[in-house]
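Note that the chains are named A, B, C and D in the order they appear, and that numbering of residues resets to 1 at the start of each chain.
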Amino acid sequence: MGKKVRRIGVMTSGGDSPGMNAAIRAVVRTCAYYHTDCVGYYRGFQGMINGESVSLNARSVRNTINLGGTILQSARSKEFMTEEGRAKAAANLREADVDAMVLIGGDGTFRGGQVFSKEHNIPIIGVPGTIDNDINGTNFTIGYDTALNTVVEAIDKIRDTASSHNRLFFVEVMGRDAGFIALNTGIGAGAEEILIPEENLGLDRLLDSLERSRRAGKTSSIVVVSEGDKTGKNVFQLAEYVKENLPFYDARVTVLGHIQRGGRPSCFDRVLASRLSVRAVELLLDGKRGLMVGMINNDIESCNLDEALKGKHTINKDLLRISEILST
Amino acid sequence: MGKKVRRIGVMTSGGDSPGMNAAIRAVVRTCAYYHTDCVGYYRGFQGMINGESVSLNARSVRNTINLGGTILQSARSKEFMTEEGRAKAAANLREADVDAMVLIGGDGTFRGGQVFSKEHNIPIIGVPGTIDNDINGTNFTIGYDTALNTVVEAIDKIRDTASSHNRLFFVEVMGRDAGFIALNTGIGAGAEEILIPEENLGLDRLLDSLERSRRAGKTSSIVVVSEGDKTGKNVFQLAEYVKENLPFYDARVTVLGHIQRGGRPSCFDRVLASRLSVRAVELLLDGKRGLMVGMINNDIESCNLDEALKGKHTINKDLLRISEILST
Amino acid sequence: MGKKVRRIGVMTSGGDSPGMNAAIRAVVRTCAYYHTDCVGYYRGFQGMINGESVSLNARSVRNTINLGGTILQSARSKEFMTEEGRAKAAANLREADVDAMVLIGGDGTFRGGQVFSKEHNIPIIGVPGTIDNDINGTNFTIGYDTALNTVVEAIDKIRDTASSHNRLFFVEVMGRDAGFIALNTGIGAGAEEILIPEENLGLDRLLDSLERSRRAGKTSSIVVVSEGDKTGKNVFQLAEYVKENLPFYDARVTVLGHIQRGGRPSCFDRVLASRLSVRAVELLLDGKRGLMVGMINNDIESCNLDEALKGKHTINKDLLRISEILST
Amino acid sequence: MGKKVRRIGVMTSGGDSPGMNAAIRAVVRTCAYYHTDCVGYYRGFQGMINGESVSLNARSVRNTINLGGTILQSARSKEFMTEEGRAKAAANLREADVDAMVLIGGDGTFRGGQVFSKEHNIPIIGVPGTIDNDINGTNFTIGYDTALNTVVEAIDKIRDTASSHNRLFFVEVMGRDAGFIALNTGIGAGAEEILIPEENLGLDRLLDSLERSRRAGKTSSIVVVSEGDKTGKNVFQLAEYVKENLPFYDARVTVLGHIQRGGRPSCFDRVLASRLSVRAVELLLDGKRGLMVGMINNDIESCNLDEALKGKHTINKDLLRISEILST
């Protein structure tokens, strides 16, 4: 299917996530290992449109495996949503003799990539990089494990103060559409309650649970709230609501915000990024295209990108039950 | 002046800070070393009023030096602001044969303690524990160094995203009245600008500086804002203002919040807490009272509590100049 | 099969690993949730023999999920290897009305547990807790993920010096029989070479590889060596050997040692420990015995303990290939 | 004295220490601020001899303040100990129009620098960068605070295992001639005993102390040993000696090694490095030379380099007393 791949492009797109540099490094080194040229495009699709690129060899990526963020930078590109934009990008790739692309990012990145690939017959492989872990076809996305550790470390700190002052803390974590981060960090940090987009248990249940735990002798509590929770109240309103209804609680709010995206990647994310990206390059060299690489049951697999984009990776609802048991 | 000290009480009050447990441990162990009884009061002045206490021996404080928060908990007490409240506390101490108190906290704690001490002729020594570093008579307060590291580590993470996306981040840090945290973390994290309560350089200067740095080729920037900054705008309004006036910036806000109070204390804070608290007990055993211990030029000193409370520890304004030079 | 379980014992045995406390906590809280008594035995089998136990309720385990080590302590017990020792333990359990045990530990723990269980007809369930990850029937053991992060963080620090001084560092990591830690941290830390017990590639290959990487422009390198590597040389002899044969390298050695066992558990290990231990208790309450719980493909499963002990969890040798590609 | 300084060179020498990059950055940015050229020399004196240099502007040092190690690398140079070597270095500087040098390093660096400066009439200013904190004329050297935190964090981890297994750990830390690291981390990590080069209390005292603490109910202990301790036994021999004499102890050894030099600098070290280096450049621009900058009582001061080199910064022996009290 098409000509032999001699030069591979790589870019990162969407929100940055820890381990993206480990992924870039693995793409570059695997190209070097197979004597294939490698070109990095800056700022995702926008850099492809603008032709902002850099030639990358094995030494270009030294001492990057441990860095957060992405050395190729990331951006959202409205221009790439137009046919003209994508045509410019394709022309740039052709002119630079780039035969195929590795796209590191989330589902928005892959969706744009698929349209582009089909319009211009340029092979792509997707590498799932996002802290949200909401992508089908892989147990874990790059950056998710690091984000979990960052959140749990932050809540551990907040718990020091919560315990010292007998306070209730509402901690908002990332996750507009998916509760992966909230659910796992809630269990990992020993939260009393966890509010996620996928399951609205209602405000009454929250009050009940907090009152019960107070009676059970707990003097401080943490509630982890996903950005996209469906209670109809934001995290500040939630705290107010609880203060009004359970006046014995001195409720406070912390919004963890952007610290969740950055930081040195965990070992898990570095190894995951490395394994996925080696495979991505090998698939391209093997003539494959339109696939996403993923980790399933500890093995690296690949699946059709269109299939991956059909649904969302869903949370394991049994974790809600685990959380309830553990907050006894 | 008065009878020999045979039993010493210890409590923590005000906002908790990392290293308070190292201070408690040092009070307890020093008492044990000098064969003096030690009693811990829970929740600061309120626990003294309620008579909520625990007898502490050398083993009671094992494996606590590395814990954030305070095992004696902390609270604010309105009742202690009344004569009746303080009289109850004094009666409890007398009944428990507690001859003197070590108070670990900030200036509010010391002010209350001085009134109490004079009314009831109970010797006290203050140990400065607060992340704000705003106390006269010591170069450093317990918890301040840890808080600086927590903030800088958080901003390092935010910078990963800022650099990856060419963004401007406003990061709010603690410090209602004092700019110590903002100033030092601003320099430590390489911030473009630092806004502190002590010095209002005006919004025009902020815009000028950001515009200049953009022209100088900087693509991302961090502005560290103290809670108590005097621009007249909160951190969200500041970000809006900059977006309106410098539309090329994609400005975001992160409020670090309560993660700044918690966490494992740094070595510096553990050693500081240990040295100050050993001295506090030794001073009481030596018949001294009404003093605060502090670290001056790396030595442990003591000063009159009333003197310490007369003014505020002021920032070194030369650091603003350093910051300006380094954000060139 | 046998009487209803009304009181469950829990213990930790073998080398401690981060997350053991999260496992204990989950056992205790799950018992509380199902209104079942819970008893902790100190120091593993030895505490069962000595009858050193503590009654545990939901509040006993507060603020422990984030602690390294094990609050129930661990020990090796020669006495438990004798029939008399095990008989004493069984008598103690019977006297205390403990109907079943949850054993948290590695394969040595499970082997001893199985003998005991069959001799005295006491149901047990095993929860895999060891940093070595060498247990069949689970993708991950509790503590392994944290140990990977600890090692990678340490090597990141060593790399700072290696890069600054153009040095070659040999870093010895734990793993007497299994190369899981070496292999994954080697990839995660970007090591040049990885020496593991499972695969002896020979010293010539090591010299070749180091010489090639020097010629390719690398000025510093890390070699990760598993304790149990099969080169026939220990890590210090390896460094000497390389210095003699490749005199341009200034080779140094660091043995990471016991820091690998400790530390706050990662979020992954906390969630893993929680999920496994909830299931362990539920299985016992459900009348099951002689099983080990494990995580397979992100789900909690259980397998027969005798089956689990038949073989060893084997490394994925494809990771050696990945490592070779990435050190290009 | 001599011509106006228009181009300043900067280098790092001796063992690397965290914060050296913050120092380089501050030298570079301060030069830029004062419209002065800045040239970096690689690998310390050896790079000056070889003329291995790089022109540095404000953007060259972006995103370096948080990195361990030194981007200019470091090395020891035998050639610089010869007149010929120094003459070559001087010739290179003259040819490159470098008028003055900022030397970042320890006393060996400053000693070599002073000989060079006097022979060739090239102004130098020393910036104290070493984890050992053994330099006169400053309360703190760059990297020392970070090293303390690294060591304490490592011992915290070891303590998890020590407590879980009732073990005695001997932990060797850096410090061949000075006990600063051992003394402060020993207090910060709650060690039972601390062995330093400056004070040999004898092996009997060690045994006495360990036996006493065992009787007092301690079940695990940490002994921190400085590399240069004067017991006449290395850390492994010490452990053997204790095992023979106190057989109830299961004594283990960990040598922390090179992890102590690396890692992200603490906020303290970043601010210290920044303040010292701004001053170093300002002194050169002001016509000063032969000085070392230092922090005394929280202020930046300077002293004569020859004076600084006359003695060693000595430990505060009162800390030994504090340690004894706290290990009660």
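Assume a residue touches a chain if its C-beta (ideal position, glycine included) is under 8 Å from a C-beta of that chain, and two chains touch if they have at least 3 such contacts.
Only a predicted model underlies this, so the values are computations on that prediction, with no experimental measurement involved.
Ranking every chain by how far its Cα centroid lies from the centroid of chain D, the top place goes to A.
Per-chain Cα centroids separate chain B from chain D by 28 Å. As a whole-number value, the distance joining the C-alpha centres of chain A and chain B reads 36 Å.
The distance from the centre of chain B to the centre of chain C, with each centre set as the mean of the Cα atoms, comes to 39 Å. Shared interface positions of chain D, i.e. residues touching 2 or more other chains, are given as 156, 159, 163. Under the stated contact rule, the graph of chain-to-chain touches is a ring, a single cycle where every chain has exactly two partners. In this structure, the chains touch in the following pairs: A-B, A-C, B-D, C-D. In the complex of the two chains, the chain B residues touching chain A come out as 12, 15-16, 18, 43, 67-70, 73-75, 150, 154, 156-161, 163-166, 169, 252-259, 261-263. Across the complex, chain D is touched by residues 25-26, 29-30, 32-33, 58-59, 62-63, 65-66, 139, 145, 148-149, 151-153, 156, 159, 163, 184-185, 187-190, 216-218, 264, 266-268, 270-271, 274-275, 278, 296-299, 316, 319, 322, 324-328 of chain B.
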